[in-house]
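Both of the next two complexes hold chain A, though its partner changes from chain B to chain C.
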Partner chain A sequence: MTGRLAAVAALLAFLLGLSVATFSDLRVFLPAILKGAVVTVEVTFWSLILFYVSAFLSGIGRGSKNTFIRWSCVVYIEVFRGTSLLVILFWFFFVLPEFGITLSPIVAGVLGIGLNFGAYGAEIVRGAIVAVPKGQYEACTALNISPLKRMLRIVIPQAVIIMIPGFTNLTIELIKATALVSAVTLVDITYASVQQNQLHYRTLEIFSVTLLLYYCFAQIVRFGMAMLEDYSKRHLLRKA
Partner chain B sequence: MSDVKIRFDDVVKRYGPLVVLDHLNFQVADGEIVSIIGPSGSGKTTVLRVLMTLEEIQDGVIYVAGEPLNKMESGGRLVPASKAHVRRLRSRIGMVFQNFNLFPHMTALQNCIESPVYTNGLSKEEAIKASMELLDMVGLADKRDHYPSQLSGGQQQRVAIARTLAMRPEILLFDEPTSALDPEMVGEVLNVIRQLATAHSYTMLMVTHQMGFAREVSDRVCFFDKGKIVEQNVPAELFDRPQNERLQKFLSSVKEAH
Partner chain C sequence: MDWKWDFTFDVVLPRMWEAAGVTVYATFAAFLIAIVLGLVLMLLKSYGPKFVQYPVTEFIEFIRATPLLVQIFFLFFVLPDINITLPPVTTGILALGIYNSVLCAEVYRAGIQAVPRGQWEAATALNLSTYRTFRDIIIPQSLPPIVPALGNYLIAIFKETPLLSFVAVAEIMQISKLIGSEYYRFTEAVTIAGIFFLVMSLVAAAMVRVVENYVKRSILH
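Then we have the complex of A and B:
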């Protein structure tokens, strides 16, 4: 794993050096793109939190015995999975004000992305929970372990490891999807690149840098999730 | 000793149209050790599962230490039991499963203290002390920090027994506790159960295919067929002088298999 990180770092350093050498105009457009990158990171960070929280809550609630909780989760999952993210963003930013709810661009962006991906994540959580063997539930009943503690201490620790590959994919997808926040007037890395290209016409240089930055983000996520998988394999689940 | 610890009163358990327990009447006295034998599919496991509240029954009443399990008394009438009522009675019963059902993400010791600490609110020190005594009793004190995957089947089942005992039940249910084990590990688990049967005052209900063992430790053996007790007696009588034809057939088929 550290080998992979080293490779990425080396590649990054090499390309950066090459860019500086080749594209002397780098400093003309790079600051603006990096400013966009900060927006992308910010939106990604908050969206990821919302994504994981809503995925877990609705994924667990989806299997609740309580009809109201179960159906609320089903409706949420269906609505946010069955519609386009771009349209959801438009709704949060342009339609809600008509009902008197005005959201800042970043809040609208984070809500749209987090809730949309949360609905997909819910299915991963649900699938992983269902995959925990029935015998584990029966042991909990026999030991008088309450449903809440059963979920938190027995089922979820075993389910987490099943979820990791799915969540790795969705997390990377989420980073890519943050490019859509330009629709709600945010200047993220993609939109900043488009703007800089219109100003300076250095298409190859600008979009090479953009591509590289996205690639690095994805690698960081892969690295983090692989570490998490490693950890949970060692500490959470030992296959009986 | 003559107190009735478990009583099935006309209990009916159905899966759809399939009748698994057919108006079952059945009692176990305090401290009594009862083995259940019978052909596959006769409802032996189901008897334990309805007692452990893993399955609901469709008719009849199950009494545990004189109190109805699935019902409770309220204003002189029997009404469906509350969760608290079920939890209270359930705490008097422990069950050992065929497939152990240990928690794979916890060590042997963590498996044992999980419920005493997080359900019964025992302090960690107390729970560890009690559980270590139990792990010692089943001969696995040195395996306290091993995960289930690092233990043999026989060792896993012994940890599962210690985990069950850590809840301090009065009634122990065993569902074919050795049938998932390799033959060379059966003995070590039977030794532990034998010790529980002879040196303690548990009321035990055991489903088993180990006829020799049932004969040795039981006060009484019940032969199940088609959801009913067809014949029951002290082991020597039941095994040596079976009256019922189906029991005779069953015993000779078991003998052939060995």
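Then we have the complex of A and C:
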């Protein structure tokens, strides 16, 4: 794991160096692709926030006793899981203006990706909450802890640890999915590399660099989530 | 908003109907590649010689860590450079198949690992050959978890086919983009594409559940 991360760091530093080094051949297209990487990171950041918020809200809401809340969560999850992300992005960007809602490209991209992945994340949240032992709930009843406090202080801290592996995978999936925002005219890594390819025809180099950049992002996430899992195991579960 | 029904029925639906064929064809072709290549990858990763295992593991991680769209572009632009010219739909199917094969490999691995160790030991005790152990003992027991998981990947591939529109394959999404730019009306075409995917995946999910129950009942008794 650390070996892979060191390789990733070295590679990123190397690419950054190549993008400014005067002798480098890659200087013609690398800066544009790295500029695209900034857009990718920006889209990833905002969609991750929306993803986690909607995953938790709908994952918890799905188990609600209130019929209306439960069913609206089920409908949200099924609709966004059932349709294709690209179709959703297109719909947000090209069809919503017909209803009088015009979204900027980045808002459409973030909304589409965040809501789409939130629906997948909801299943992880629900599964983790169900996996918390029943005795914990009964103990809360015995100790007269209110349902809200039970959720926030007892159930979620235990469920979070169960969720982390699932969320690691989905977070990497989300980064990969940001490649689709080129459909709504954002110049991210993928779109930048297609543009640079049309300009320079350095096909193999350009797309290899692009693949490597995504690979690096994924490894960074994997490492970060492993640290988070470690941390939460040590701090969320206090041994008596 | 103005939704035009005559436009929907006269222009959008007939062309979408043709495109649906391409989508379904691409889905099943890619699925076939994925399940076969996935099996090969799993065998190499778990049972191959050491010097093969390591590169295969890294290959799987690399494919899993990079976006399908970029892989499609990679094949689409790089293959012609090395004098392999394939029609866009074949390139797309290849990319979809490879991308999902690494996921299928994990499914197979998990399925075989789920077979209790005692079964392997019993097969050794009964002096069964490796081939018979796999054919009669291990594979029948690992199918119940594998089949529904593969079914879910079939649905996933189906939902990934719109990406082929980036390399101008005439599937549903590409046709709805085309209709949108020809008539400057995106509402009907894109909405119908969305409904098409939603309905098809709900139906397919229900079918996977039926198959799952069937496999559970008929193989393990």
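Rule of thumb we're sticking to: the second predicted complex is superposed on the first by the 216 of 240 C-alpha atoms of A that agree within 3 Å, B and C clash if a C-alpha of one lies under 4 Å from a C-alpha of the other, contacts with A are read in each partner's own complex, and residues count from 1 in each chain.
The rule is short, and it goes like this: a contact is a pair of C-beta atoms (placed from the backbone, for glycine too) under 8 Å apart; a residue touches a chain by one contact, two chains touch by 3 or more.
In this text the structure is predicted, and so the values were computed from the model without any measurement.
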First, second, both or neither for A:90, with chain B first and chain C second: second
First, second, both or neither for A:228, with chain B first and chain C second: neither
Contacts of A:107 with chain B and chain C, given as first, second, both or neither: neither
Partner chain(s) touched by A:158 [first = chain B, second = chain C, both, neither]: first
Touched partner set for A:11, first chain B, second chain C, both or neither: neither
Contacts of A:146 with chain B and chain C, given as first, second, both or neither: first
Which superposed partner A:190 touches (first chain B, second chain C, both, neither): second
Greater residue coverage of chain A in the superposed arrangement, chain B or chain C: C
In the complex, chain C residues that touch chain A: 1-2, 62, 64-71, 73-74, 77-78, 81, 159-163, 165-166, 173, 176-177, 180, 186-187, 190-191, 193-194, 197-198, 201-202, 205
Residues of chain A that touch chain C when the two form their complex: 78-79, 81-88, 90-91, 94-95, 98-100, 172, 175-180, 182-183, 189-190, 193-194, 197, 203-204, 207-208, 210-211, 214-215, 218-219
In the complex, chain B residues that touch chain A: 52-54, 87, 90-91, 93-95, 97, 99-105, 114-115, 118-119, 147-150, 156, 163-164, 167
Interface residues, chain A side, partner chain B - complex: 135-136, 138-139, 141-146, 149, 153-154, 157-158, 235-240
